[in-house]
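Both complexes shown next keep chain A, but they swap its partner, so chain B is in the first and chain C is in the second.
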Partner chain A sequence: MYRLSFLCSFLEVKGLSSLGRFIIRRTLSIIPMVLLIVAINFFIIHLAPGNPAQLISGLEQPSPEVIEALEEQYGLNQPLIVQLGLYYRNIFQGNLGYSFIYGTSVNGLIFERAGATILLTVTAAIIAFIIGTLIAVWVGRRKTKVLDSIFSVLAYIFYAMPSFWLALVLILTFSSTFKLFPTSGMFNVRESYEGFAKIGDVLYHLALPCATLALIQIPVFFRVTRSSIDQVHQDEYITTFTAIGISRKKIFKKYVLKNAILPTITIFGLTLGYAISGAALVEIVFAWPGMGRLMLDAVFRRDYNLLLGIYFVMAVCICLAILITDIVYALVDPRIRY
Partner chain B sequence: MPLLQMKNVDINYRMKKNEVKAVRDFTLDINERDIVGIIGESGSGKSTLAHGLMRILPRNGYMKASEIKLNNKDILNISDEEFRELRWIEMSIVFQKAMSALSPVHKIFDQMYDTILAHKPQVSRNEAEEKLSKLLEIVNLPKKTLNMYPHELSGGMMQRVMISLGLIFNPKLVILDEVTTALDVITQGQLLDEIKRLVNEFKLTVMMITHDVGVVNEVCTKIAILYAGELLEYGNVKDIIFEPFNPYTQALVESHPDLNPEGSTLKGIPGILPDLINPPESCIFYDRCKYRKDICKNGKPELQDYKGRKVKCFRVGELHG
Partner chain C sequence: MTAENRISLSRHENKLTKSVKMYLRDIKGVIGLFILLVFIVMAIFAPVIAPYSPDTMTDDVLQSPSLNHLFGTDHLGRDLFSRVIFGTRISLSVGFVAAGLSAIIGVFIGSFSGYYGGATDDIISKVIDTFLMIPAFFLILIIVSIFGSNIMYIMLVIGLTTWPRNARLMRAQALSIKEKTFITVARSTGESNMRILFGHVIPNGIFPVIANSALQMGGAILTEASLSFIGLGDPNLTSWGKLIYQGRPYMTYAPWTIVIPGIFVVLAVLAFSFIGDGLQFTFNPKNKGEK
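The block that comes next holds the complex of A and B.
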């Protein structure tokens, strides 16, 4: 970040606000960060044993000539550093290459799956954030030990629950027994809905996988917000406001909440960052056509390009999520200045 | 008629298995326009006393007393809501840690305006801004301080903000809880001068809590010596500092550099504070007192009027007759 200080001094001349400068500086700093991540991923993947040319050929024992021809075709015979250079060039041209296995462009594969994944994970994260925080606020205001204990125990139970198991239990309960929700997929493949009917159908299919993810994430938001509220209650300014005679309600609504929500914002931002990588286990159980499954397939089938492409998109998303978190944080907490 | 009357105040903290008796049988009257320094070492119960008076004790703390009257009005047996109405109007408090005494994520104006709204909901933003700018001017802070956040101010500036916050409704009684402790000596000196000026300007009665005999000597008219939760001596500052009657007061004055002739060796007080869970039945200072005799072990001495002040010591007549 500090390497770009020359840019900052340039921007200062333009008279931008400090927040504006911060946003530009952080956005620019994402570029070298992502390039570095790509390089690290690139080398790590190539450390793995096995030759992709063999997989591409689709043969048990391909002849050396076939291997050589394939290596020539895909540039796999070049030194690693040259391959990395080529990869960088392609990235800058917006081309993540071709999947060895699917034989189509990685861009297309990721684009196809990203929407489904983001729909699932972001919806779940938002629901978990809202519900977890609300419960924490509700419990935190009452300060009754019983409520607190009940929710703490529940939080531990759900947090410790394996996601695929919870998914199966939900399917068993709500799909098999009560027949309220579909067991899997994203659409009803027997119907071709349009417009609102289609949206309704997707939401209908979304309910269970989303509930699974949300139930497991709610405890995180609950615990963080809960302990944060407790902490803030012990802060000295709360004593000041009590001594002044400001009503408890106002102290809580205006002062405790704003101070207590800060760590929750960070957690939410990080959750969003990992949203693109999907939730492989839940996606598999519900046959949700998302990134998690795509990535798992790519790992098992040694599809270097696809894997690198997914990692690249993930890196960009995480960096962006952290950037947005930092900006929101800066807007809420005036102590953060850059 | 004294402004603040406290009779037999006890403040305890509940712990898991037992109770810490932080303040015991504290009786003191504070007259209008008095500047009373409440002095004592850490753990002597001086801040606890202030917090008890303001009803801001932590949840495990509770106060008992036979009488507490402010302005001849009972403030002990009134409900929390009744008490809330006289908070800040009748008495206010300025805290030790000014830097963390306001919310870090709200502007100073918002917090001061909320203070006004808590008791005068009809005051408009503009009226508040005008009043607050004037108030800040009085404590030598620029008007723009209102639009700043606590972290943008220095410790001394924040302490001035806190003092002006305490003066918003011009209360009769102001409790200053170690207001100069966290500041460097120069800022401390400036702030003390300011406090002296404000006391005259606002006609304040002040309860000044501190562990610094020098600060008391500079600002206060009266001094109350608190030791392990008990009041040992109370009277005019000059009298007590120049001729302490209670052995603890004497030891305290002897351990302060500014109050002793140059070149003299400073003396510490050997020993530690007694156990406050089971306070001794004897004189509370018995363990550390260099004048102790067998009679000091038999029960507690009464707080007696002696030569124009109040002293708690079995041997006061004998030693200072």
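The block that comes next holds the complex of A and C.
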């Protein structure tokens, strides 16, 4: 604590702008949040019935000696609060522990799988952002009742779809019936492509999972942008601009759009933050080699360290996404001052 | 005293009929309510409506939809139409119980926090914020896989992980209501805090929670479907999600086994989001007058 305040005062001496101080203050404030989330998860996992040592041993009925040795080795015989403390210490050293089922370090496992998940979720979020916002802007400008109703009903329907079901339906349509796209995986395992052919192959496999995620996220972007355009239209300054005779087109381009687009930034940030848990089911359906499958294995086989590790990464991602969104917001919107 | 009561009662009724009229003006809300009513009737009269027993196996395996089997049959020759009808019971009860629990917890914690304020409020708000950030589905996944996938656990866990949004809504309501004059009057006439909380603050501020609960019912149905799809549903019960899970291995030759139960999930979630948005519109003070 002393060190933190020292750091802050040091930065103030250096004459940081208010924005800079805001960023540092917010960055420091996410640390206790992440720790709290990890603690909640830690206690839930350790409340579970059954002996973790037996699970680690992989034996039906391990002898008491084996149990004792394993408990000693993994520190399982210590009080929970001590174990949590040890876990925190490891996190701060950048070590998420050792996976029982895979027999390697959790860091390595997550690192190995993170790339595929990031590729899938970021692509889907960008596509959903572009399409959802564009449709909303297009519909919002025309103000035709029919178009508006059609798109808002479509948005409701896609929003109501379970992601795994949409994935299955897309597989049925585009893989089984039309044989356009592969059903699963990230590469064609029978070929070993290099260079551009490899990129093409990955994109080819990416199409369906990415479309699934994007189709489910588009309604969110559409609805937020749509209602925010409506809201800005109701603002008094827009009425004034209309009254003094500025063309609708100019008002829309110069004033409405700029203000209406702001909330979508938040949604975009949150979509990325929740990407790991949001994409898990889609990854499982398409056998996409991301963190979804890893998560499921960890859940089913109760790999404590892997579960905690994934949860920790998830919590950090969410906190970082919220933080970055706040900062971008502060940079983009000059009305926000700290 | 009685006269005053009567006046307030009639005013209340007036408000209610006005709200109902307001709600019925929105076509989406009406459609949502209609779908929900159909589903409730399906759930209650399932044994009457279903032409076959949902668990009777026959030799007619993976038959495509026909007049005999409206939705076709599954890999064990069971009538899918009957299975979907009975599945309504499970999926709807998950929605109602989980969202109901979430609403009860949210209302209590939120109104306490907002009404009493001070340090308690600060701590509770922080906890609410933290819980709101946690990806609930993964937490539910862990808890269900550890403690077992009994339907009671599933409903309980969904309720226990989704209350923070209700708590936040209720807290905001309590914060604004407690500053109103009638609360000051009630306090000055010596009503206890508990009576004020349960008699005035909660009844006057519960509307956003009700609207949100409709949305959460849809969410709970989706969550249960996802759990069942992964294989973590209650092994003894057949919900819509479970039907999709069971049909998946045969989906290329029998697409109806996954498409039809999925359409029912979509319809249910759609109905609840129509109703939730309709209620939100009705209770929004900005829409008091004409639309």
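FYI, the second predicted complex is superposed on the first by the 323 of 338 C-alpha atoms of A that agree within 3 Å, B and C clash if a C-alpha of one lies under 4 Å from a C-alpha of the other, contacts with A are read in each partner's own complex, and residues count from 1 in each chain.
Keep this in mind: a contact is a pair of C-beta atoms (placed from the backbone, for glycine too) under 8 Å apart; a residue touches a chain by one contact, two chains touch by 3 or more.
Small disclaimer: the values here were computed from a predicted structure and weren't measured.
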Superposition on chain A - do chain B and chain C clash or fit: fit
Touched partner set for A:311, first chain B, second chain C, both or neither: second
Contacts of A:192 with chain B and chain C, given as first, second, both or neither: neither
Superposed model, angle subtended at chain A by chain C and chain B (C-alpha, nearest 10 degrees): 70
First, second, both or neither for A:18, with chain B first and chain C second: neither
More chain A residues in contact - chain B or chain C: C
Touched partner set for A:176, first chain B, second chain C, both or neither: second
Partner chain(s) touched by A:27 [first = chain B, second = chain C, both, neither]: neither
Which superposed partner A:245 touches (first chain B, second chain C, both, neither): first
Chain B versus chain C as contact partner of A:236, first or second or both or neither: first
Chain B and chain C, minimum CA distance [Å, superposed model]: 7
Chain A to chain B touching residues, read off their complex: 235-237, 239-247, 250, 254-255, 258-259, 262, 332-335
Touch list for chain A against partner chain C, complex: 33, 36-37, 40-41, 44-45, 47-49, 156-157, 159-165, 168-169, 171-172, 176, 274, 276-278, 280-281, 284, 295-296, 299-300, 302, 307, 310-311, 314-315, 318-319, 322
For the chain C and chain A complex, residues of the former touching the latter: 28, 129-130, 133-135, 137-139, 141-143, 145-147, 218, 222, 225-226, 229-230, 241, 244, 248, 251-252, 255, 258-259, 262, 265-267, 269-270, 273-274
Partner chain A, residues of chain B touching it in the complex: 54, 56, 84-85, 87-88, 92-93, 95, 97, 100-106, 111, 114-115, 118-119, 149, 151, 165
